[in-house]
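Two complexes follow with chain A in common, the first pairing it with chain B and the second with chain C.
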Partner chain A sequence: MSESNVASKAEAAHSEAALLPPVDVFEDASGITLYADLPGVPRDKLILQVESDTLTIEGEVNLDTPAGMEASHAEVSLPRYRRVFTLSKELDSEKVSAELKNGVLRLRIPKAEHAQPRRIEVRVE
Partner chain B sequence: MPYRSLYPRDLFAELDRLQRDMQQAFELSPSIRGLGRGGFPAINVGSSPNSVEIYAFAPGVDPTAIEAQIEKGVLTIAGERKPDLPGKDEKATVHIDERYAGRFRRVVSLPEDIDPAAVQARYRDGVLHISIQRRQAAQPRRITIE
Partner chain C sequence: MKLESLKEGFGSLWDNVAEGWRHLTQSAAGALTRFRPGEDSGLPAKGEVDDDFYLPGRGWSMLGGDVFEDEQHLVVRLELPGMEKQDINIEVLDDALVVSGEKRFQRESSEGRWRVMQCAYGSFRRAVPLPAAVKAGEARAAYRNGVLRVELPKAEPARPSAVTIPVE
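Take a look at the complex of A and B:
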């Protein structure tokens, strides 16, 4: 799983500007787990897309702001997050599971059956 | 803990951060609380005629464990975020490690006209929203001319 900077740059050029959410990615024998910080994104504003080998995470921030509020200091300066990853072919993109809780997205991408590690038996003759 | 830009956007945002880091390093009299940016949680502040609104972007934090207090016109938000990465003894390889983990504490100085007794705090979708009412006397009042 490698980040496709080229793809995300090209995409950003012709779509709206977005923040790059911080992520944690780790891999174990049966698959890859990804955590992404998407604070302020409700479930219905989260878009997850797998297209051939590209995974796109996109979310829109939805804050309840009172009428007449003016921002005086903003560290989260855009109301949108986007991040694109390239999946490798041993991952089973059909079986991705996702969970969004307290602004944290957890994605689990299992490895395809044939890519699961197999112990190679060494025979002594 | 030095922490990389929380939501790096693009090359220009990174250059901007670099410039701020340089300023921080060379400026002889920075603000007493530092530049304040780039910490966890990221904070947005807004104001309306009736209230001051503070949004702390603290995803994945147990809302009951967040300590928020106002003392002498300074709002402090503190807590801890548990790491989601596997421990060293587990058989897993970490590929990307960007999310903040550990204790955090941030302070925001508030305007003088706020009413510390009229505070509302909500945690939704990983954002702590604190709304503090301004004192009535401080609100702009229209003067009628007879």
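Take a look at the complex of A and C:
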């Protein structure tokens, strides 16, 4: 790889730079619940994508710098979050449900029916 | 059960972490905030969690803060995901805005295990230095999308009185 090649790659990575949001993941018999801290991301700036087995969470922070004001101290210099997960086959990616509340995203990904524990009822006549 | 269900794209993870930390060390050394879970925080015991990095007694989180100002006002913006309005305390102490509170953990109703635990819960305290004196009594605060926004009017600036000195 030539040097210019490396540089352009690093530049591309910079423009796409994003913070990795911390997550909690809970698994029970019927699926997975994922919580991600995404403070400052409004509903319309949150993008959830499922492509085959890849789940991408992407959110843009609404920085809304007040008009005519100057930032005298700034810690949030990277107004974007992104995290990519690979979903296993036992999860049903078509039935993901999402909820955004107080800057926390809650995703519920159910397990596909064949992967769920099955209860077989036996009837005695 | 193994954590086969949810794997992370490792390459992209590394890029994001490296990039994220570089920015944070440049701009946000003060944002790292300690969370102390208490009896009523409701955190799961170590036995219910598979995350090797999980320690029930402590948590750290980045609470990013920004301060904006114009002639009359200061606006402080602080990232506080997952709070309830009533659990946030805001105080003005000398030249700092002190935000403290308790971030509660929501227990799941079903039987299961925590595979990953990275979010911090418990009580925290974050001081944001204020660049000017403010009228604390007239401050207003709002909490939206997990971000606290506090608007503080600046105290009357002591106007330097112009004195003309005659040259003799």
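Methods note: the second predicted complex is superposed on the first by the 94 of 125 C-alpha atoms of A that agree within 3 Å, B and C clash if a C-alpha of one lies under 4 Å from a C-alpha of the other, contacts with A are read in each partner's own complex, and residues count from 1 in each chain.
The criterion applied here is as follows: a residue touches a chain if its C-beta (ideal position, glycine included) is under 8 Å from a C-beta of that chain, and two chains touch if they have at least 3 such contacts.
Nothing here was measured: the structure is a model prediction, and the numbers come from that model.
Once the two complexes are laid over each other on the shared chain, residue contacts for A:E99 go to neither chain B nor chain C.
When the two complexes are overlaid on their common chain A, residue A:N62 makes contact with chain B and with chain C alike. By the document's definition of touching, both partners, chain B and chain C, reach A:V23.
Using the contact criterion defined above for the overlaid structures, shared-chain residue A:E121 touches neither chain B nor chain C, since it reaches no partner. Of the two partner chains placed around the shared chain by superposition, chain B and chain C are both touched by A:Y35. Of the two partner chains placed by superposition, only chain C is touched by A:L87; chain B is not. In the superposition on chain A, no contact is made by A:E51 with either chain B or chain C. Contacts of A:A74 after superposition on the shared chain: both chain B and chain C are touched. Comparing the two complexes, residues 17-20, 22-29, 32, 35, 37-42, 62-63, 65-66, 68-78, 102-104 of chain A contact chain B in one case and chain C in the other. Residues of chain C that touch chain A in their complex: 1, 3-9, 12-13, 15-17, 19-20, 23-24, 26-28, 30-31, 61, 64-70, 73, 75, 77, 79-84, 108, 110-120, 128-129, 131, 143, 145-147. Of all the residues in chain A, the ones that touch chain C in their complex are 13-14, 17-20, 22-30, 32-35, 37-42, 54, 62-63, 65-66, 68-78, 82-88, 90-91, 100, 102-104. Residues 6-10, 37-38, 41-51, 53, 55, 57-61, 63, 84-86, 90-100, 123, 125-127, 129, 131 of chain B are the ones that touch chain A when the two sit in their complex. Of all residues in chain A, only 1, 3, 12, 17-29, 32, 35, 37-42, 62-78, 81, 101-104, 106 touch chain B in the complex they form.
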